[in-house]
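Both of the next two complexes hold subunit A, though its partner changes from subunit B to subunit C.
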Partner chain A sequence: MSDLTKLPFNFRRLHNSVIVSNLAGQHQFLSKEEFEYLVESQYQRIPQHILASLESKNFICNNSEVEMRTKILTSKYASRVYNSLLPPSLFLVVPTLRCDHDCHYCQVSRVSESASGYDLEEKHINDILHHINFLSREYIKIEFQGGEPLLNFSFVKKFVTKAREVLANKKVEFVIATALGPIDSNKLDWIQDNNIQLSVSLDGSELIHNKNRPSKQINSFKNTVDTITKIQNSYKNIDISALSTITKESLSAQTDIVETYTKLNLKELFIRPLSPYGFATDTWSKLGYTADEFMKFYEDTLDYIVRSKIKVVEFSALLHLKRIFSQSTTYVDLKSPAGIVFGAVCFDYNGNIFGSDESRMLWATTKSNELILGKISSPPKETYKNQNTLALLKDTFIEVNPGCSECAYSQYCGADPVHHLSTQGDLVGHKKNSFFCEIETKMFDFVFNKYYTDNSYKKMFNNWLGECC
Partner chain B sequence: MLLERINELKLVETNAPDGLYRVNFGQTEHITTNFSLPSISTDIDTAEYYVLCPEFSSSFSDGDIVFINSRRKKIIGFLCKSAKNNTVLVTEKCDNLCDFCSQPPNENSDTHLFINAAQAIIEFNSKDVVGITGGEPTINKSKFLKFIDMLNIANNNTPLHILTNGRAFSDVDFCKEVVRKTKNRDVVWGIPLHGHNQALHDECVSSKGAFKDTVNGLINLSYSGAYIEIRTVVTKKNYRFLKNITELINSSFAFIPVHAIMNLEPKGWAKRNFDNLYISATDQISYIEDCVVYSGLINQEVVLFNYPLCTIPDNLRGSYRKSISDWKNYYPDFCDNCNEKELCGGFFVSSKGKYLDNTIARIKL
Partner chain C sequence: MKNKILKVLKSNIDELSLRKSLYWINTECLWEINDENECWSVCLSCDSSNIEKEYMHLNALVNDHIIRYKLSSNLQTTRERIISNALSKLALDE
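Then we have the complex of A and B:
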């Protein structure tokens, strides 16, 4: 055992344990004592099965293997970066900025339902598809965002029809992110016939949902619940998923969300913290919370799911698990380099192209034109190589970012340059003051800790990974 | 020859010198090429080469490739349309000396084997996969490259499953050359990894330095985009480390489509070392389970080869493969009333008698 040697790794101390991780994207959960033995090279005191895992995962190796193991780590890291730089498959299209809701946490500065000049013109359809075709590979997801996309339904219909033609040799999925206000049977028929998925917001109980998502026209909660029920009964082929944005209002009612979802027989739940940009400062003080407050709520919610054995999959946890175990790069928030362009490309109502939905949001409030990658009308070839895009990307390799480079979670986390630009005026930001960093660190702490110290969590997480790969 | 004989018939009489022939009953049109083998049939009057053998016409059909060995009075089916697996041997030399080797190596000359294999594959011209085995097919790099060249020059595009220990691919230039020459052909590389570290793997294959070569080979080949099936033969030495081998695969190489966990086949040297090597399937299962569950988390496909189905718990059945070929398996008496026989690969014929895993009692009736 004396001929074993350590390869580079990062570590983070949890309660009575330590997580170690390395550039191959591997991690190992160690007890405090095992970690000390590892650090002090007292390998014979580490249980054999742990030692074998440390060796298999390239944390330690025989002295004579160092050269080979170094090659393994460098090539594996290179391939992980490469996987982050594969062409994007997610494309966001904003048919209109008009909306029938007045959500307090709206980050896109939506305009009233009747405002004019906020619709994406149909003449752009061909150009957008040209961009998508240029950027994408075989699999494409096109998501209509708003505003409320259904308020410009004729655009959506024309776009889908044309996309099926132009992208005939690719596999395309369509999603409409909608608050379900302007929906009717005609629209639902078309949505079902065209195999379109719906992504809706459902923030919890009637009280909380309607506080978060007021509308002058409708009772948003009742309309959402009724429409989901109608779809479940009469439009069985429409795939509908829901997400919950958490505000200060939600924090005190942790079982509400799960109960609402269970009553509606929804099997998937996606709990999202607020992102503190796109807001006026006073909005954050009304809606916002500390990372600890959010995590308390989040953990209570997951505890409730695990103890009550409710069959619902929570996607925030699942996306973190997939990032940890299968090094998935499909979740744009958790990518290094950041998911700018390579995570998603956003075609805004006014003809601008952004490298992420967050860029669009930040532009909406700041009008910082540096965030714009280009115009829908410009040729794709010349759009994605400009200096601003490169600047947004090149500082987002978190393995070398200050504050991230020594973090055990840098193998799994993301950079979110737009968040840091918005909150700290800098693409990298000081991670000590970063809400993103604080939430993500606590999220990974939670997921690792529960996975390795609580068997009922481990079982549940394994099931989620097994079902949703 | 150490070929697995799918079809071996007793030869009564022939005018054909020893060698490869293409079966031709005249039922299908055959286009002769520069690479054509002589044809052979049972027609003593008109055929240039004939065999007298009562079972010949019922055993072979037009286009099958046979080997005539008049000294031993044998006709060997080399590549047959009716066979489920067609495998050709290209060398008997090997740089590993696995103590469980089912076809123990020797130093016999192999040029004729390479040439026979290439000619047979070209003439057989199958769209179905043909297996290439040894010995170690890449032990002589230039011979292996020439073999691939022969197939390419003849415009052959038969898909190949090549069993190699991967050591030769630690040579980057060789790896590049092979990848270049096979870029228009479907090739699956079956590469063994029996341990998660040098000590264990080198011990299993009785060759110092094998682990380093194979791992470096796997790095080079996997990052070239080759389709690789990693194979682990389970023995007393490594059964506790199956999950670790999966961990090594996950942490070290580019995407590996399949990791095959293989129960020992009592054949060749595996028979000689059986007691030192064989660990009963029932004792393996908890380790196999750890490995399969972990593989699910990391999105690595694992398949289980050569196990009787009754040893596999329900939660692992997705990974089970009925892998023992029909002509190599049998079902002992205790399987008589089992209602899952159809789904089960049974046991190797070679495990009859003292090599039978007698811990297997959990039979589903």
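Then we have the complex of A and C:
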């Protein structure tokens, strides 16, 4: 025992326990006493199985092994950074900014359905595919975002047809993010025939959904529920997923969302907080909340799922679990360096290219051209190594960011420079005042705490990891 | 506004670690560090209804940063070497 020595780690206190983590992305859940013994090097007082675990995860080692263990940590850390720097696999295409909904929290600052000059022209299709081909590796997800992409359906159809030719040697998935307003049987036939997935918003009960997502033409909730039911009955090959954006209205109705989803037999639920972009920046005082209020709602919702044994996977928790247990780097928000370009690239309706969907959202209200990486018409080789890309990325290694460098969650969290630019006016942000930092820290606290202290949660989380990894 | 003073032995924590603790103090509070021979003296000023809560928060933050300071005095160089070597390795691979 006297031969043991510590290797570098960060720590964070939970209720009666402590999480320690290291640069390899490994973690150990300790009691307060075990943590004190570790700090004080009283290794003989740490239970043998915990000591063995700490040693196997490179938190401690024999004095004679320090060099070798340091090399292992270096290699594992390099591998984690390398994985964050792989080319993007997610490409967002905005066929139009027009929309048939008037969502109060619209983050993209949509325009009315009849507005002109807000559609992506079909002449750009070849150039966009040229960019995607240049940037991507084997697996690609192309997501049509809006506005409402179905309002420029001819573009979507031509794009998909052309993409299947140009990207024939790659594995491509297509997703349409839609509020389902302008959908009809012809569109659904084509969507099914072309193996397109649908991602829809469903914010909870009729009252809450229609308050959040009003439309002048339709009852949005009824249309969404009816269309999902129609798809489930008649278009069984269409993969449909839904997400819920939480507003202040939702906070007092945590069971509504789960009940709405289970009634519709939806097996996946994605609960996400409001983001400070677009109209949500103006309506924050009306729709927004504190991180504590959101987390109280979130925890109550997950408690309801786990206690009632409902078979639904909540994706926000799952993405955090995957980051912790399988070191996944697919979730754009949780990347270090940030997911600008490395996480996703966005081709906007006006010919601009952004390094993330949030960048185009922020540009829509600020017109800050520093957020633009280039133009769709520019050659890809000249687009991604410019000053704007470097400026957005250069301070996003959170291992060295103030407030993050000593955080036990720095190996799982992300930098999100665009969030901090939007809310604080600089890319790094003061983390004490960061809504992103507060929400993410509380999410990791919740996930770690429940995983290690509540067997029902542990079982549910392991099932989710097993089913969805 | 009400003031409370926290004194910490300099042998337990350096100024940088103390400032890292204060990074997390509610931004509505004011603070000042004074160098008093063997101690750091932190004067915390807050709204009188919050001063006790913020003072307890400061205490907890400083205590944890004392632990971090103690750990980093032995391990910071190793941590920096790991990060530096890893990034150099990636640069060479590129």
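As a working rule, the second predicted complex is superposed on the first by the 465 of 469 C-alpha atoms of A that agree within 3 Å, B and C clash if a C-alpha of one lies under 4 Å from a C-alpha of the other, contacts with A are read in each partner's own complex, and residues count from 1 in each chain.
Everything that follows uses one rule, which is that a contact is a pair of C-beta atoms (placed from the backbone, for glycine too) under 8 Å apart; a residue touches a chain by one contact, two chains touch by 3 or more.
These numbers come from a predicted model, not from an experiment.
Asker: In the superposed model built on subunit A, check whether subunit B and subunit C fit or clash.
Answerer: Once both complexes are aligned on subunit A, subunit B and subunit C fit side by side.
Asker: By the touch definition at the top of the document, which applies to A:85: first (subunit B), second (subunit C), both, or neither?
Answerer: Only subunit C is touched by A:85; subunit B is not.
Asker: Once the shared chain is lined up, is A:403 touching subunit B (first), subunit C (second), both, or neither of them?
Answerer: After superposing on A, A:403 lies in contact with subunit C but is clear of subunit B.
Asker: By the touch definition at the top of the document, which applies to A:432: first (subunit B), second (subunit C), both, or neither?
Answerer: second
Asker: Looking at the overlay, what does A:39 touch: subunit B (first), subunit C (second), both, or neither?
Answerer: After superposing on A, A:39 lies in contact with subunit C but is clear of subunit B.
Asker: Using the superposition on chain A described above, determine whether A:56 touches subunit B (first), subunit C (second), both, or neither.
Answerer: A:56: touches subunit B, not subunit C.
Asker: Tell me which partner A:26 touches in the superposition: subunit B (first), subunit C (second), both or neither.
Answerer: A:26 sits against subunit B, while subunit C stays out of touch.
Asker: What is the contact status of A:466 with respect to subunit B (first) and subunit C (second): first, second, both, or neither?
Answerer: So A:466 only meets subunit B here.
Asker: Where does A:64 make contact in the superposed view: on subunit B (first), on subunit C (second), on both, or on neither?
Answerer: In the superposed model, A:64 contacts subunit B only, not subunit C.
Asker: So after superposition, what is the minimum Cα distance from subunit B to subunit C, given in Å?
Answerer: 10
Asker: Once the two structures are fitted together, what part of subunit A is touched by subunit B and by subunit C alike?
Answerer: 75
Asker: Could you list, by residue number, the parts of subunit A that touch subunit C in their complex?
Answerer: Listed in rising order, the residues of subunit A that touch subunit C are 6-9, 11, 13, 23, 39, 66, 70, 73-75, 77-78, 81-82, 85, 399-400, 402-403, 406, 430-433.
Asker: In the complex, go through subunit A and note every residue touching subunit B.
Answerer: 24-26, 49, 52-53, 55-58, 61-62, 64-65, 68, 71-72, 75-76, 79, 325-326, 462, 465-466, 469
Asker: Over in the complex, which subunit B residues touch subunit A? Could you list them?
Answerer: 196-199, 212, 215-216, 219, 223, 240-241, 243-245, 247-248, 250-254, 293, 296-299
Asker: Along subunit C, where are the residues that touch subunit A in the complex?
Answerer: Per the stated touch rule, the residues are 20, 23-27, 64, 67-68, 70-71, 74-76, 78-79, 81-83, 85-87, 89-90, 93.
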